[in-house]
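Chain lettering (A, B, C and D) follows the sequence in which the chains are written, and residue indices restart at 1 in each chain.
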Amino acid sequence: MKPDLKVNIAGVEFANPLMTASGCCGYGEELADIFPLAKLGALVTKSISLNPRLGHPPPRTAEVRSGMLNAIGLANVGIEKFISDKIPFLDKQPTKIIVNVAGSKLAEYVEVCSKLNDFESVSMIELNISCPNVDEGGMEFGSDPVMTEKSLKAVKKVFDRPIIAKLSPNVTSIVEIAKAAEQGGADAFSVINSLVGMAVDAESWHTKITNNKGGLTGPAIKPVALQMVHAVYSHSSLPIIGIGGIQSTTDVIEFLLCGATAVQIGTALFKDPMLFIKIEKELLQYMKRKKCNTIYDLIGKVRKY
Amino acid sequence: MKPDLKVNIAGVEFANPLMTASGCCGYGEELADIFPLAKLGALVTKSISLNPRLGHPPPRTAEVRSGMLNAIGLANVGIEKFISDKIPFLDKQPTKIIVNVAGSKLAEYVEVCSKLNDFESVSMIELNISCPNVDEGGMEFGSDPVMTEKSLKAVKKVFDRPIIAKLSPNVTSIVEIAKAAEQGGADAFSVINSLVGMAVDAESWHTKITNNKGGLTGPAIKPVALQMVHAVYSHSSLPIIGIGGIQSTTDVIEFLLCGATAVQIGTALFKDPMLFIKIEKELLQYMKRKKCNTIYDLIGKVRKY
Amino acid sequence: MIKPTCDDTILEKKRNLKNRYFSFTFKPFSLVKKCKPGHFVQLELPNTDIYFRRPFSIASVTSDGDIEIIFKIFGKGTALLAELAKGGTVNLLGPLGKSFTFPKKNEQTIIIAGGVGFPPLMYLAVEMIAKGYNPKSIHFFYGGRTTDDIIEKSRIKKLGVNFYPVTEDGSYGTKGLVTKPVEEFIQSSDSKMRIYSCGPTGMLKAADSLGLKYSVPGQLSLEAPMPCGVGICLGCVVEKNDGTHARVCCDGPIFEIGEIKL
Amino acid sequence: MIKPTCDDTILEKKRNLKNRYFSFTFKPFSLVKKCKPGHFVQLELPNTDIYFRRPFSIASVTSDGDIEIIFKIFGKGTALLAELAKGGTVNLLGPLGKSFTFPKKNEQTIIIAGGVGFPPLMYLAVEMIAKGYNPKSIHFFYGGRTTDDIIEKSRIKKLGVNFYPVTEDGSYGTKGLVTKPVEEFIQSSDSKMRIYSCGPTGMLKAADSLGLKYSVPGQLSLEAPMPCGVGICLGCVVEKNDGTHARVCCDGPIFEIGEIKL
């Protein structure tokens, strides 16, 4: 019997637990040229904000040991153009669509989410709360439990379908933030967004990217991500989408064992945009070998040594 | 002219800015067998606690991408044995000695520091405030500004010489904690201690180390460490000892450029216990080439791209 | 965009051209027939501590699956690549990016190559001639600091194009910067012309300026750090003169003269 | 502890012994004269995505700087090592750890080897004979799952020791587990004896039990994950029967029978 890859997150069924990570596949057009998107459980879009954003000036990426640093700066087309130009394409894709939403004020999140509510093809929203809140002195929404709960409550009022809170790892207690998001009505968690990092060129004395800091992603952050997935899993019953440094089938399994119901892959797509094809095949082989009938036979099954 | 490697931290002069990181060279005995400790600006000891600690049962390390995970569990001989067995050896070493102190209650920190006050060979104490506070529900001392300030104030009362606060990276704002430590009387900062991480074996479904979580160290964390050094440097005038993933002369320079006055090397010693010899030589060559007369010509000189 | 492939290929032929320059021929690459001058491939360095693939322009292809790159040891990735033994396996992702638009048949082609900008322009010249362009309508300016930077001379000469080597120290060809003889050529000619340039930023800037100054259209092939090479990371953007951003990997690497803020 | 060195050595000789077993000889290692049976080296895999060095027991040395290791492909690190071309450079840190204590001259030596526990015990036998021990006082029990796990047979036989190969499937030597013939030997002998064992945990446990049961002293060589190999990380500890911890790298890897909780 072929193992069943289906997973259900907050009532939405996904063909498999494999998703793209926000910001690592644009709006899906380029990937669709490379492999059949039906291989994906879901496509998660680049963060959409109210207004279009050009993002930071180049250079905005730097390679680091086992990963990269980025200061893309949430470059995106803005919600209007997303609706007019991108949704028609996404509508036709043979996979579920999750739209990632970003903002710099609470009102912006609300406006973007309420506009997305009209589009049935948007199965879920993933709320990127790792954005600086300009109203409150630039502190990230997702670094404060009160702001986190408030944000979730506000967007839940305007979007009918499930909302995923995408949690930042740059906090003292991710469990505390997860609880606040759950309190605010989050239906699931994405764990984790990028770590904050910096890279310097010892010859020129310049930072390697435009900003002093950027987002650290890739295999370097996998241990941090696994621990945070496990911590949230141990303190909440909401489904978790595990993210951070996944680049192989083994990595996917590790995240499932730590409590993730699904996973997202970001940086590793840059090395291998066809990675999903390989992982789907190998995951089925692994499940057969380990006699797992469904993904649920793996979720949270890690044992303390 | 030979560039001058000397640095001064809180009135203590070091022959060069290169130090061992706590927990990565025991009490110096093994390293002294391998290379002349005079090559070190300072030797920083394994964390010393009031009572001896066996540490966690094995396995307590696991290799991860560009680094490692450890759950050594602060194994150490305890302050009594440290004083009787280790200080006599350290006394004779041709390098400065910094003793790292850990505890699970504030009273323990105070007792250990007050005992160390009698030993002039202990130039400074490095306070490891990344320890769970058993009195306050296991929250780390260093994750809360109030506890941080209180800890520093308490130990400053019993130890005459400078105290370095070793900051944890697992916090929402390391700058806030640094400010609290400064308020409490810290004379310098060590930035950073290990990140929290986890590793799982996808075959056996077991965690790879005894604990569910451990400390992530090595090159994987360098971008996080550089950013935190730079953030603290930008908000405080106290000297900073940069730590995290250093394994080459270039890495050392990057930390100096980001604002560190000195650096500590931990995990990389496990790959190459003679590393300091190479770095000291190459650092001198670099300084000559870049026409830097002193280390101070490098400190904080990073430029935003 | 062409739908790229991701092939494990074998290093068939390895030539150390000069100093730090190498020609590597890989085989079989299934999409050789889709490759055009200007396209590039992303080459993986597996099991190393180099995280991303490295981009290299295609220098030539043969119909039976050979694909050649010519590279210079620049940093650690290219140094490790140079150590690869003949017979070793390398994964190639490609062909990627846009290719050069061929000139009109009545135009004189001015090629301005420098350093590792040489390979795609050699490929362009070869393909143009294969497509029936008169070799004598191609003016191949090739600049370097010294004679050591001018590689594969005989290969260019054999094409029968007009070859103008220029070195800063005069150790081969004309002495000076390549842009001076190019400008003289443009000034002295009253045919229609088109510029193609790939090389260091300074050279691209000069080519861009010359094109704008003398109203000669043309294309530049740019470089940028390229995490993905397929347009999904937005890491390789450059600023356009209209204030927007363009991705070098898929909106380029070939851009029109006057399009990009250099 | 011997003050170790950190030498860049050349892979002089590479032999694929059988299946996944290899013998690599490196040269020159400046401290060969300090090496003793039981010592190991930490071998670096530079420029790879393997972070730590890998520990290997010394299998033999020659006075002119050759140092041999024998290894089995186990995971990624050893797989990459096996691909290293002859002439390649590898950095060796060593010699590390404690060495075996030689038996008293009147004792019968019982060697119990398994898998990659074989190399240090072969080195022990060779050195004992060089030091004048009677080869016939050495009883070399060598266990494996099948004949493929028994390597370098002729090298052992040439030493003139008593050789007792044992395989689980009976494909070579006696059929069964190596501990049965060892126990029979101990029971049948009334000389003084000493056990030396290195191999999989099950074998070490059995050797430890036999030693305790029959009051035969001896030493076991242990394995543990070893980030440093020089005693500074505390990562390689094992629990001793007295409740304390011992570092395998420098308090061992050689421990007395009965010392460690196995």
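In this text, a contact is a pair of C-beta atoms (placed from the backbone, for glycine too) under 8 Å apart; a residue touches a chain by one contact, two chains touch by 3 or more.
Keep in mind that what you see is a predicted model, and the values were worked out from it rather than measured.
K.L.:
Hey, what chains does chain B share as contacts with chain C?
P.N.:
A, D
K.L.:
From the C-alpha centres, identify the chain that is farthest from chain A.
P.N.:
Using the mean of the C-alpha atoms as each chain's centre, the farthest one from chain A is D.
K.L.:
Measuring centre to centre with CA averages, how many angstrom lie between chain A and chain B?
P.N.:
Averaging C-alpha atoms per chain gives centres 33 Å apart.
K.L.:
How big is the gap, in whole Å, between where the Cα atoms of chain A centre and where those of chain C centre?
P.N.:
For chain A versus chain C, the centre distance works out to 37 Å.
K.L.:
Taking each chain's centre as the mean position of its Cα atoms, how many Å separate chain C from chain D?
P.N.:
The answer is 55 Å.
K.L.:
Just the number, please: Cα centre separation of chain A and chain D in whole Å.
P.N.:
Roughly 48 Å separates the two chain centres.
K.L.:
For chain C, jot down the residues that touch at least 2 other chains.
P.N.:
In chain C, residues 49 touch at least two other chains, as defined above.
K.L.:
List, in ascending order, every residue of chain A touching at least 2 other chains.
P.N.:
Counting only residues that touch two or more other chains, chain A contributes 59, 64-67, 219.
K.L.:
Going by the touch rule set out above, what shape does the chain contact graph take here: line, ring, star, complete or other?
P.N.:
Contact pattern: a closed ring, each chain touching exactly two others.
K.L.:
Could you run through all the chain pairs that touch each other?
P.N.:
A-B, A-C, B-D, C-D
K.L.:
Give the list of chain C residues in touch with chain A in this complex.
P.N.:
Those residues of chain C that touch chain A are 1, 3-4, 6, 44, 49-53, 93, 224-225, 227-239, 244-245, 250.
K.L.:
What part of chain A is in contact with chain B in the complex they form?
P.N.:
Listed in rising order, the residues of chain A that touch chain B are 59, 64-67, 69, 143, 170-173, 195-200, 202, 205-213, 216, 219-224, 226-227, 230-231, 245, 250, 253-254, 257-258, 286, 301-305.
K.L.:
Across the complex, what residues on chain C touch chain D?
P.N.:
Residue positions touching the partner: 47-49, 76, 80, 85.
K.L.:
In the complex formed with chain D, which residues of chain B make contact?
P.N.:
By the definition above, chain B touches chain D via 23-26, 30-31, 33-34, 54-55, 57-68, 70, 72, 75, 218-219, 267, 269-274.
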